[in-house]
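Each chain gets a letter, A, B, C, D, E and F, in the order it is written, and its residues are counted from 1.
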Amino acid sequence: MISPHACVDPAARIGAGCQIAAGAVIGPEVLLGDNVRVGPGALLTGPCCIGNDSTVGAGCILDAGADTTGGELVIETDVQLLAGATIATRVTVARGARIMAGTVVLRSVPPHAIVAGNPAQITGYTLSADRPEAASPATTREREIGAYPTTVRGVTLHRFPRILDLRGNLTVGEFDRSVPFEPKRYFMVFGVPNAEVRGEHAHRTCKQFLICVHGSCSVVADDGVNREEFLLDDAATGLYLPALTWGVQYKYSRDAVLLVFASEYYDSAEYIRDYAEFLALRQ
Amino acid sequence: MISPHACVDPAARIGAGCQIAAGAVIGPEVLLGDNVRVGPGALLTGPCCIGNDSTVGAGCILDAGADTTGGELVIETDVQLLAGATIATRVTVARGARIMAGTVVLRSVPPHAIVAGNPAQITGYTLSADRPEAASPATTREREIGAYPTTVRGVTLHRFPRILDLRGNLTVGEFDRSVPFEPKRYFMVFGVPNAEVRGEHAHRTCKQFLICVHGSCSVVADDGVNREEFLLDDAATGLYLPALTWGVQYKYSRDAVLLVFASEYYDSAEYIRDYAEFLALRQ
Amino acid sequence: MISPHACVDPAARIGAGCQIAAGAVIGPEVLLGDNVRVGPGALLTGPCCIGNDSTVGAGCILDAGADTTGGELVIETDVQLLAGATIATRVTVARGARIMAGTVVLRSVPPHAIVAGNPAQITGYTLSADRPEAASPATTREREIGAYPTTVRGVTLHRFPRILDLRGNLTVGEFDRSVPFEPKRYFMVFGVPNAEVRGEHAHRTCKQFLICVHGSCSVVADDGVNREEFLLDDAATGLYLPALTWGVQYKYSRDAVLLVFASEYYDSAEYIRDYAEFLALRQ
Amino acid sequence: MISPHACVDPAARIGAGCQIAAGAVIGPEVLLGDNVRVGPGALLTGPCCIGNDSTVGAGCILDAGADTTGGELVIETDVQLLAGATIATRVTVARGARIMAGTVVLRSVPPHAIVAGNPAQITGYTLSADRPEAASPATTREREIGAYPTTVRGVTLHRFPRILDLRGNLTVGEFDRSVPFEPKRYFMVFGVPNAEVRGEHAHRTCKQFLICVHGSCSVVADDGVNREEFLLDDAATGLYLPALTWGVQYKYSRDAVLLVFASEYYDSAEYIRDYAEFLALRQ
Amino acid sequence: MISPHACVDPAARIGAGCQIAAGAVIGPEVLLGDNVRVGPGALLTGPCCIGNDSTVGAGCILDAGADTTGGELVIETDVQLLAGATIATRVTVARGARIMAGTVVLRSVPPHAIVAGNPAQITGYTLSADRPEAASPATTREREIGAYPTTVRGVTLHRFPRILDLRGNLTVGEFDRSVPFEPKRYFMVFGVPNAEVRGEHAHRTCKQFLICVHGSCSVVADDGVNREEFLLDDAATGLYLPALTWGVQYKYSRDAVLLVFASEYYDSAEYIRDYAEFLALRQ
Amino acid sequence: MISPHACVDPAARIGAGCQIAAGAVIGPEVLLGDNVRVGPGALLTGPCCIGNDSTVGAGCILDAGADTTGGELVIETDVQLLAGATIATRVTVARGARIMAGTVVLRSVPPHAIVAGNPAQITGYTLSADRPEAASPATTREREIGAYPTTVRGVTLHRFPRILDLRGNLTVGEFDRSVPFEPKRYFMVFGVPNAEVRGEHAHRTCKQFLICVHGSCSVVADDGVNREEFLLDDAATGLYLPALTWGVQYKYSRDAVLLVFASEYYDSAEYIRDYAEFLALRQ
């Protein structure tokens, strides 16, 4: 359904079930998947490629013609661009992302991320719609010591003893007891600029256990069906990610130190860095 | 006067004396009051409702269709949206507000406020056009101790003694003498996030006396005809607001403590929180 | 009882019941009251005057001879100088004070003060020995809103509502209701250097109500028999001092603002600045 | 080449070789030079004047009609406005500037500046395309003491001794030896708000020598053909600007102090503040 | 050898080889071990007990008579009190400690500690006299990744990879590879007041591995013969303490987080908290 | 005049007119100049050497015997040690210095310095007794632009223009006009630890001009007869030191940058580093 007041170049390729509103401009090097909706006055100058079921809001601008850095401007499936968003660089907006109204996107956007502002910053992730009564770090902090399930399959939150003392505080964990495995390796992440995402991948066989020992950071855990975000801001709280869990770490405070125990020595072949591959393995 | 190059849905309701420029798109659920001017390329996808004498600049976007939070997108009377402003949420922009060019509005805008940026922040208020020679805190600071009139009816600025001493400083006020009334009550506001507006209302019978005892904040006082903004940043300066004065407090510094003396005990029925009601009472 | 190994100038005047230990040196212009105890090796070069029941610890030095500013070195009654203290200026150490070990005293020490360090700083006051279960700001903070008695006669601690809000916090008090009187006057003290004592007096008829609206300070209240120290560090806590209460304010944080409501207009004749006079009036 | 889907007012003046894309709106008081390209959906409401060889990207808005402050909205030659930029004030964008996607411009933009954000801030300068192996402060810091040429004609970077010492550090320069001239005058710039540009001009006869003695700032030097940017952040590095060099100073850190030695006493007639005049003199 | 100008109470018990200088005062409840040297003018009012080979410098005051808290004032063997130190509390100064000139000691002093100031703070430990060319964190930081011996038997310093990245930094360790054992347990110490000593003990069988993951702290490791102090201030440096190593942790920065891996689950019987017992086990 | 109750070693050498008070102990390796006064209970264990007209207050301890670093403990002429000072290291206390009560001296003390605390810090200099109405930086700041004489011969304070501007501030000086000479050289001092003295010397022929361009520092200027201390804390204030002026720079703030213009190229032979030599040249 293309409005008679839209201006669509004959060379553009338009999928089945697309809707193009009045005042929209579609250039010659534009490829729309199926069921894409383009709002009034949206300018898809191109070149660009938009996946199935995505939405381009009123007055959005997709115009990578002046960007000579190479690559393509790709909007994957199920993406929402709200009114007035501008993308003028050859970046990829991954599946399920949401670009808020008036956002100016300068870098690629990861799966399910929500971005806003000029320039765009990740402000959150689109989480599972239905979240039954599950543990979160905040509620866990007041619970007893132990492990609590979450909405994400296999992911557990762990509460450790925290011994307060005028001479200094102490927290302690025991491997194979309060921590679910014996570690082969630890690593620490620190000195992360505030808004930066660090780490966005799953592991084939490696289990991980995360403790934010100073400052705070947020971890999004995703089993392919459910996603949940955990704010880690306490040395006595740990988050267990079993193998085949997609994990995102972000919103580091400037002084954050994230300690990670891993059940395996490092093996680069063991990382899954492509979300589509992760979804395939999960099913 | 509707440009032949504009695209107006027949279901839209357009008031008398409206002007709609070339390239503008007006959706079916849009209601324009009288004398509304819509600039070239403005996208009023709707649903929205725009009051008399308001202006929507070139390329502005009013598109609340994707916002499912309920309510309505309302632009009241005498509002100015400058070029390129975007509103994609169901908020109210109150009478006399001015939305600067390129602003992305995410929250409701109070009467006479000026907002700018992405996301929008209040940067000021549209003040009285003609400001005769009146007292301001800065000029008052160098005057003698006493009370000074302002451009707003009945509002006075008060200069108290400030005794500087190597052992610490002192300021003092006397009720029924240097403060115009005997207080029944004090309250203090503190811990206000920087850009936040706190308080926007008038009182039917209660008089108030405001002193910023630490840090700084700004107070806009409005008698329905004249408005003036006062920066309070000194423990020896007070601002008297008689009954039936509309007051706005904002631009709190992080460390601000605002001390308010009130001439009456608290009575919620005594507050006027609607600006239209205030204007009616004032006349 | 003078040790034969002490060296006491015949011109010195020694009261009844004094004890002077081995190695001590007592100069000609020294006047000891009754029951003064002078420890081993103490050097009372003088000129100085030590009141009844005071103690000069081992190795202390009282040597005002090099101070040409005039006045006298006076140690009042019931003073304790612990081992190794040095006083080389013509100051007064007032009754009940305690000079901690190793202190070097450069300024006069007020009644019941405890001083330590080099140079001496007031670190506290010698409080009532027996403190029955009474309110303190810390315990009050967790109690319900209302007024609580203290160990000091007539002095009450007041807990006000504290309304926390994402948009900023609020606290409120009502005169003649939650505050025990109607104020005639307020004053504020601010910009006080950290260790400085500010205010040390009683009022004949004026009642006071103290709130530390920013930062923190300590108030010692004294009814002539009992003394108690209150740390005020919260805008929702007030301290009521009835007439004829000796009050000391000190330990101001750099950013402290102390708000005081007074039941009377200012009258200098109404102040009692001499502790002995205060004690007489109290009895 | 004007698209049949563009809407161009007959009163507009359009230069030779201009291209105007679909959906663009050109108002009556618009003047386009030669070879100007206007992208799809761009709204040139006017009044405005655009110089030869400039580009206005998709969805850009040039709408100064609501700005009553006087002056003109002028886009000079060789300017690039990327997609979605908004200019609603009567400012000048000088030759060679680049306005990044989504930028909201509120103030005039100097020659060759790159601006981005809402509101626009200068983020850099379009520098010389070919930069042969030349000195920069960073590489100079590790070189030996001495003077090094740069890509800009006559401009040299100078490395001074830096004597580190536990008791404090020292750096030293000698006039007519390590500094190329004898100064008649020094001046210091300090307290500069962070993003602010300070100084943008050339001198007819005066030579300058710049040292950032605390904090850091950036200097762009331009001989009319080549431009290079120098970060000065070290008291032992100096930058020599001969006469007839266009210099820009910006990106001051909050604590920056820039010390400048000048070879002549102050003479306002000696300043060239117009870039076009500078280019003429250079040739 | 007692000076005839000293004043020694006949009730005092004086060991063989003691030297008591002119002007000293020795009270009745004083017990001096062998070879104690007491300097001129020192006042050992007592009660106190001083171990063999200790030295009390000129003008020191040991006067626990006014301390009514019970216990004894004990100076153990090989202690040095330099001139002018004052101890007026019933504390223990443990073997090998050194009390610097002018110090006022208020708390017990641990073995080999060096204390200074008023009040006394631990400023260091008397380390091994001969320190052959060994690793320290500072020199290790510039060495290659690996493990380095120290002067203390079995204690090793470990340098881990530190991967610097604009997106944040990373360090990593592998158990049974770069860390000498597989941990059964971790614990973290944090929120330690600055000058506070935390932990002063050895383990019978447990090995420990210490990493200061944020801020800094110092660790003294002692094999009974050699002692060395290690400043840990870098997340990529670890310190290995084998079983039967005496360890002291102190000088925590306010923001320090010390992560410890332990080779055994917790067992209180496994701790040695008495230094004398440790020395016995070591031999 | 030696008190019969003092204990003076026959090997000590005592100058003419010395006074030694009761209880004092004078060791064998002590050399007192003429007119030295030693207070009661002072312990001059030695070895030490005290210059003419110096005073050692009651209870002071001079005991360099435990310092095995070599050198001598020398107290020069006209030095005052107030009561309770302790010196246990082989340092030199230079002429005219004053050691305040209770100080523990660990490092050499420069001429006319006043030191206090434990450990001793330089707190000032003994300045000229009579200070006629002269310029100081504080009073100068409010005067007009120009040069003002001081109490020190030839030394002038200079007030420069300070142009305040929202875009940043500016100050300017002209050589041979507002600065009294043409510089051959500049140097800058920065990164000085707070309490450290840096520079203490005079120049034979070189004139200097000092501006503290960031932070603050203090300069003591001395013509051999008068001394005055200047706090430089403002980039628009300069201090001129003619040749043959003894200058001391200290009390640097951590962020201080001191800019010095010198009238001559560097010549080490031109420095006078010995105060006695300076005094001789001055006369």
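Criterion: a residue touches a chain if its C-beta (ideal position, glycine included) is under 8 Å from a C-beta of that chain, and two chains touch if they have at least 3 such contacts.
Model, not experiment: these values are computed from the prediction.
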| item | value |
| --- | --- |
| Chains contacting each of chain D and chain F, listed by label | none |
| Chain labels contacting chain E and also chain F | C |
| Of all other chains, the one whose Cα centre sits farthest from chain F | A |
| Counterpart interface for D-F, drawn from C-E, E-F or B-C and sharing over half of its contact pairs | B-C |
| Comparison of A-B and B-C (more C-beta pairs in contact) | B-C |
| Interface numbering overlap (same over half, different under half) for chain C and chain E | different |
| Centre-of-Cα separation between chain F and chain A, whole angstrom | 64 |
| Geometric centre distance via CA averages, chain E-chain A, whole Å | 50 |
| Distance from chain D to chain A - Cα centre to Cα centre, in angstrom | 38 |
| Centre-of-Cα separation between chain C and chain A, whole angstrom | 61 |
| For chain B, residues contacting two or more additional chains | 23, 41, 59, 118 |
| All chain pairs that touch each other | A-B, A-D, A-E, B-C, B-D, C-E, C-F, D-F, E-F |
| Residues on chain C engaged by chain B in the complex (per definition of touch) | 164, 166-177, 182-193, 196, 198, 213-214, 235, 252, 255, 257, 259, 265-266 |
| Residue ranges of chain B touching chain D (in the complex, touch as defined) | 5, 21-23, 39-41, 55, 57-59, 80, 82-84, 101-102, 116-118 |
| Residue ranges of chain E in contact with chain C within the complex | 7, 23, 25, 27, 41, 43, 45, 59, 61, 63, 66, 86, 88, 104, 118 |
